[in-house]
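So that we are looking at the same thing, I have put the structure below in structure tokens.
For clarity, chains are labelled A, B, C and D in written order, and residue numbers in each chain start from 1.
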Amino acid sequence: MQDQTVISVKNLKTYFYTNQRCNKAINGISMDIKRGKTLCIVGESGCGKSVTASSIMQLLPKLSRIEEGEIIYHSEDRGDIKIHELERNGKEMRSLRGQDIAMIFQDPMTALNPVYTVGWQIVEMIRAHENVSKKEAKARALKLLKDMGIPYPEKRIDEYPHQFSGGMRQRAMIAMAMSCNPKVLIADEPTTALDVTIQAQIFELMDKLKKEYDTAIMLITHDMGVVCELADDVAVMYMGNIIESGSAREVLKSPGHPYTKALLKSIPILGKGANQDINPIKGSTPDPFNRPTGCQFAPRCDYACDKCNEAMPEENQVGGTHMVRCIRFQEVMADGK
Amino acid sequence: MLKYILKKILGMIPMLFIITFLIYFLLDLTPGDAVSHLMDPEALARLSAEQLEALRETYGLNDPFVVRYFKWLLQLVQGNFGYSVSSGVPVSQIIAESLPATLELSGTALLISTLLGSILGVAGAIKKGTIGDNVLTVFGMIGVSIPQFFFGMVCILVFALNLEWLPVGGRTDPSVVSFFGRLKYLILPASVLGISLTAGVMRYARTSMLDTMNKEYIRTARSKGIPEWRVNLIHGFRVSLTPVVVLVGFRLPTLIAGSVVIETVFQWPGVGQVFNAAVRASNYNLVMIVALLFVIMVLFASTIVDILTAILDPRVKLDS
Amino acid sequence: MKKRILSLLLVGVMVLGLAACSGNKEKEETKEETATEETKEETSGGPQVLYSNGGPTEFFETPWLNPGSYMYNKTLYDRLLMADSSLTALEGEGQMAASYTFTDDGKTLTFVLRDGIKWHDGTDITADDIKWSIEYSLKTTVLNSVFKSTFMAIDGADAYIAGTADSISGIAVDGKTITLTFSKVASDALLAFTQFAPLPKAQFEGVDPLSIQQAKFFQSPVGSGPFKVKEVQMNNYTTLEANADYWGGAANFSIYLNPSAGDSDANFVTNAKAGKLDYAYTKSIADVKALTGVEGINIEQVDVRYTRLLYVNKFKKADGSEAPLANPKVRQAIKYALDMDSILEGIFEGAAISANSLTPNGEWKAEGLNDYAYNVEKAKALLKEAGWDSNTELDVVYYYTDQATVDLMTIIQSYLSEVGIKINFRLVEGDLATILWKAPADPVNGPSAVDWDMCYAANAALSMHEYYDRYQTGYSINSHTPSDPELDKLIAATNTSTDPEVQKEAFFELQKYENETLFEIPLYYQPIFLVTSDKITEGPATIGNPQYNYNWDIQNWKLGE
Amino acid sequence: MFALSSKKRFNNKLDKLKQQEESGILAAKKAGNRTLRKLLNNRLAVVGGVIFLVILLACIFAPLLTSYNPLKVDMKSILKGPSADHLLGTDKVGRDILSRILYGGRLSILIGFGSALGCATLGILFGCYSGFKGGLFDSIMVRVSEVFMSFPQLILVLMLVSILGQSTKNIVIIFIICGWGSVFRMVRSQILSIREEEYVQSLKVFGLNDFLICYKHMLPNAIGPVVVNITLSTAMFILEEAALSFLGLGVPLEIATWGNILNSAQDMYTLQNNWWMWLPVGIVISLFVMSINFVGDGLRDTTDPTQQG
């Protein structure tokens, strides 16, 4: 089991220092990304899921830094690399990016450089890590575009991003990310900006990658539907903490945290007909600068009691890898509403 | 592309017509006419009224200005640029002699200011907020904050008279034949003019670079693991090049008009001086032709800018 | 690496600041040697070069307007006669004329041309060229007034001008001799022919005399003098080379002219200090101050007939009201109110001389004129006597744009306001002939055709007549002085004889009248400063007025290292 | 060595911030207006602002600072160096240079600001409406602005000066005629992009008349760059005034403006020997123009939402 983990994150804390204030975006999270498995990180916007991805890739904005904790990349040939100690844009970190850990972003419209052709940008990625001739790199790029299911790749490769549709552009992004067959692919809400039919194609494509290239995928989303379909493991984040994580089956079948349960209840399940009763979670995420004492979800939690407000609940292990940070998790699981 | 250029040129014709008419009208409004500026006041004082009238007659200055304008236009269409009222030299010859000097000076200055301005602007944007950014900004600002003639005279005093590295002024000397000998004359005026134009380019480059650096594709580029300088220059600056090109494009007309101030201070035989003297002496033919060249260059510059933006930024289509 | 570049930049800026302020004395001494070395190695190959200014910016000005104010006019052309440094014609041999005779009654003047003299293009200089030059110049509009009054005095000139005759009967050509017979007294005849430069008739075929300045000839003139045109780059530089077969000997140096408009050269000082100005003149005191004490540059002050004055408009105003300055007492009060000595000390640092008459000091000036020394009480008393109303505002105009003029106007304004005379001054531009000098229809009692009360202007005079003739009744440019029979009589007296002694007496009487009535207010005589560099080891024998031609025989000068 | 310490300094700064946050100081502090705070922590803009105010106030309160009348000629004390009674010495006609700089400053700043505000008002008036309305009015205005902008500026200035005559008022008019074109184009392009915004459609749906939509709602969104342009063109106009007096076209020479004072430094003798006639005024002009540029730049950075920090 152990050797399957590609990236292990232990007690990571990342703080933001914009507008002369200090915002504790990530407040100590731990997770493992395993080879050939898809780890889904789910949570409302502003819970710190994108910051996690940026921390791993060391792409944090200037006025922020990793306070504590470790991010270790277990590479095959170069042993364990402590990413959190690497110089942000240093030589070693840059050799990791793209080659070992690749990333795709949310809005394909703005993620590609508008003034260079798609082919050129992919070739740039390949030549950054392997010294191959331009011709050979272009051939590989062509093959990649074909693999990603883009029609007429010979013509498309020399076209500009604005000539691609949303879905096509995301495929091009994935082609670029996969160009040096990275060990880990981090996808930061890849389909949010796309419409539903295209979403399905992208997920199908990612599933194919996992199987064929055995890449570990860390998928960030706020859509529980995506989690149910794709996830092998799940980590639910709220206000900078992972409040519940474990294998997809355990978490979805018997959610231990009121927030996970509420999330599951708030999405319409396809095919369950029109009269499903969907009840949204009351209230909204608190202001990060004056956080509630104790459990962050307490103000919006149905099971909230006085004890919840005292301190942030510890991590309770429930069965194999299932972890919940709620003092009344037994009741929640038993409830089975 | 060709269709676009043709459309632009056709659009130019009415503009040229309006502007030259306006210039002629304004020139006619200025007090006195070519004759009254022909010689210095004392000599003029000795002429009798009939002699003055006779002189005016020879230059056809007596018929109404509209008639004179169309006469001039007719001549222009036949390719005859007319003669300078004061010296009788064909205008084409005067321009042929003075235009290369201005092109040389303004051209070098534009080059210096574009290069220096872009470098300072990009460096300022990358190092935003640090002391380096402040120092670069102050250095860039020097050019635009000191009046040109004052900056020029101090440079002459320091480099030409006290330190004697460079000649005092003028474009060349018959005894100087080598290219570098001639270059020596160009250094001071071109750098004074260049530095005073730098601040504009610097601020534009800095602003557009700052905008670009916040864009998504810069983060994507970094996530591809390519070196920091490539991210900033190849991805960042390449995109923010367009506004800089637009600004420099709109400065092309100075290639024609030159800078009267710099040319006067550095005894540079350019069009600026000739044009300044011609306008004050209501020397119609010379003023009209130089103004015509200037306006053509302005309209030409706006076309060039459109084409360049289309080349630089694939999203922009020409015939939009 | 980047940090080091930034610190370098900072040091550079500091050096620029320091060097600008220092500019102190001992730096200039060391610089002088290097300057001459630099020019030496530049021209060590070819013949030596005399640097001067006044080079053409658009065209070579015709020599018939300002006979000597441009270096090229003095070196490219020969005159008939030769004047000495005080501008009196030398006896016997002239330049083009081998000899000449002028009858005592001043009626006939004959020249005998030197044989073998040629134009620069190799063609012979003939008597016909001289005759044509005189006739053609009368038809042009740009003729010096001394030449004009002399040539108009030739017999048959009026008929020629009126067009009834196609040549001037009074000019007879016979082989090498030209005889001029005068119908009336030409008081400045000899002076005129020491300055008038004949031009080659062949070069002016089909050129309309009215636009002579625009002729192709004046882009690269063919002259007769010791130097000829080598290379012309308008607005850039002009080079003149020695005329090998000049009758007076061939020079062993060439001349390099920096372009400068009129007699104001903005780069006078910078070029002089950089060793690019060996012979030039200036009126600007600022330039002179900047060059005093610079090693290798010598400055000579030359007193010339150049007077700055206030013309006074004594005609009734257009709206019928009396001219405020019609009363001579007010004009005298103005003269008393101006402390000219301290004004000149302030602006010109003593380089200009306060004036009590149009005529500068010297043998041509009467003794015992009232200097109107600065006296506020007297001025106020005169104003009270004249019943001066202290809130009338006088309108004073000027046409010079330099800083010294503006400073002078400000000072005059403040001095006059102390005695209760309010003036405001304005710059006039454009058609100055009409704005300043348009004579009224009725020269006796106006009204005035110009709207200023006083006009600050200059009067440069080659001959004394150019100072006073303009005040006669009905004179074409007399826009300021109503007809005054006494004044007309005195001016006419100065034009009756060519004998200098008789002319002097007549001028003395005229100057006394001028001193009493102050029909114009003379301010100061402005000298000219001749600037020469040490490169000229053997220069002109005597220093005359650099704005006119005299026997400086430039071709025999020697240039040192 | 230099790089390391900046890393250390960066971390210390963040540590201090973290420590303050945890101790709750930061939460208590009232979060001031973001634009003002961002302007304040842009060091250059602050320095610029201070210099700008110092010079402006010195010019306005000139009578308090110097008792001399800038136009008073005093033949006794000509070209005196800086001394007790004349802090910055006297010029060729004995006028006190310090008072001329202060009183002259009033005029120069008036010309600079007057022209810049004039250009901005004209530019906004036409730009806003033509950008919003489009159609015939827009195309005519664009053509007119193109005519003015492609006019060789020198010829326009030379002619207008000789027609209108030389005076402060005319100079401002001339600068406005020459300069309104660029503000017009800038505002128009801003309004063109704002016009597509939804809130403008909704305003139209509410039936507000065009002027109200155009000037009350759309203009504030386009005003950011215009404000910046005003500060920067003020600096440019002050320099233009100095250049014009160098060419003898500016304000009549005897009236004290910075350009005219500097004008006296045209000859080499003054440059080398009477430094007090040109150095102080040169420094004041450069400092003032630089300070306006920095404030302008600072404003630009604050009005740009994407700026971090």
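Here is the rule we go by: contacts are C-beta pairs under 8 Å (C-beta built on N, C-alpha and C of every residue); 3 or more make two chains touch, one makes a residue touch a chain.
In this text the structure is predicted, and so the values were computed from the model without any measurement.
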Where the contacts of chain A and chain C overlap, which chains show up? B, D
Joint neighbours of chain D and chain C, given as chain labels: B
Looking only at C-beta pairs in contact, point me to the busier pair out of A-D and B-D. B-D
What chain lies closest to the overall centre, CA atoms only? B
Approximately how many whole Å separate the CA-defined centres of chain A and chain D? 49
Could you work out how far the Cα centre of chain B sits from that of chain D, in whole Å? 23
Round to the nearest whole Å and give the separation of the Cα centres of chain B and chain C. 38
Based only on mean CA positions, could you tell me how far chain A sits from chain B in angstrom? 55
Can you list the residues of chain B that touch 2 or more other chains? 30-31, 142, 154, 157, 161, 264
Which residues belonging to chain C are in contact with no fewer than two other chains? 3, 23, 266, 270, 273, 429-430
Residues touching two or more other chains, restricted to chain A: which are they? none
Could you list each pair of chains that touch, in label order? A-B, A-D, B-C, B-D, C-D
Of all residues in chain C, which touch chain B in the complex? 2-3, 6, 9-10, 13, 16, 19-20, 22-23, 27, 31, 34-35, 38, 42-43, 45-46, 49, 57-59, 65-66, 141-142, 145, 208, 210-211, 213-216, 218-219, 231, 233-237, 239, 256, 258-259, 261-262, 266-267, 270-271, 273-274, 276, 399, 429-433, 436-438, 457-460, 476-477
Chain C contact footprint on chain B (complex, rising order): 30-33, 36, 38-49, 51-52, 54-55, 58-59, 83-89, 94, 97-98, 101, 123, 132, 135-136, 139, 142, 154, 156-158, 160-164, 167-176, 264, 267, 269, 273-274, 277
Chain D contacts chain C in the complex at 2, 71-73, 75, 78, 92-94, 162, 166, 248, 252-254, 263-264, 266-272, 275, 279
Contacts from chain C onto chain D in the complex sit at residues 3, 21, 23, 266, 269-270, 273, 284, 286-287, 289-290, 339, 342-343, 345-347, 401, 403, 406-407, 409-411, 414, 427, 429-430
Name, in rising order, each residue of chain B that touches chain A in their complex. 215-217, 219-228, 235, 238-239, 312-315
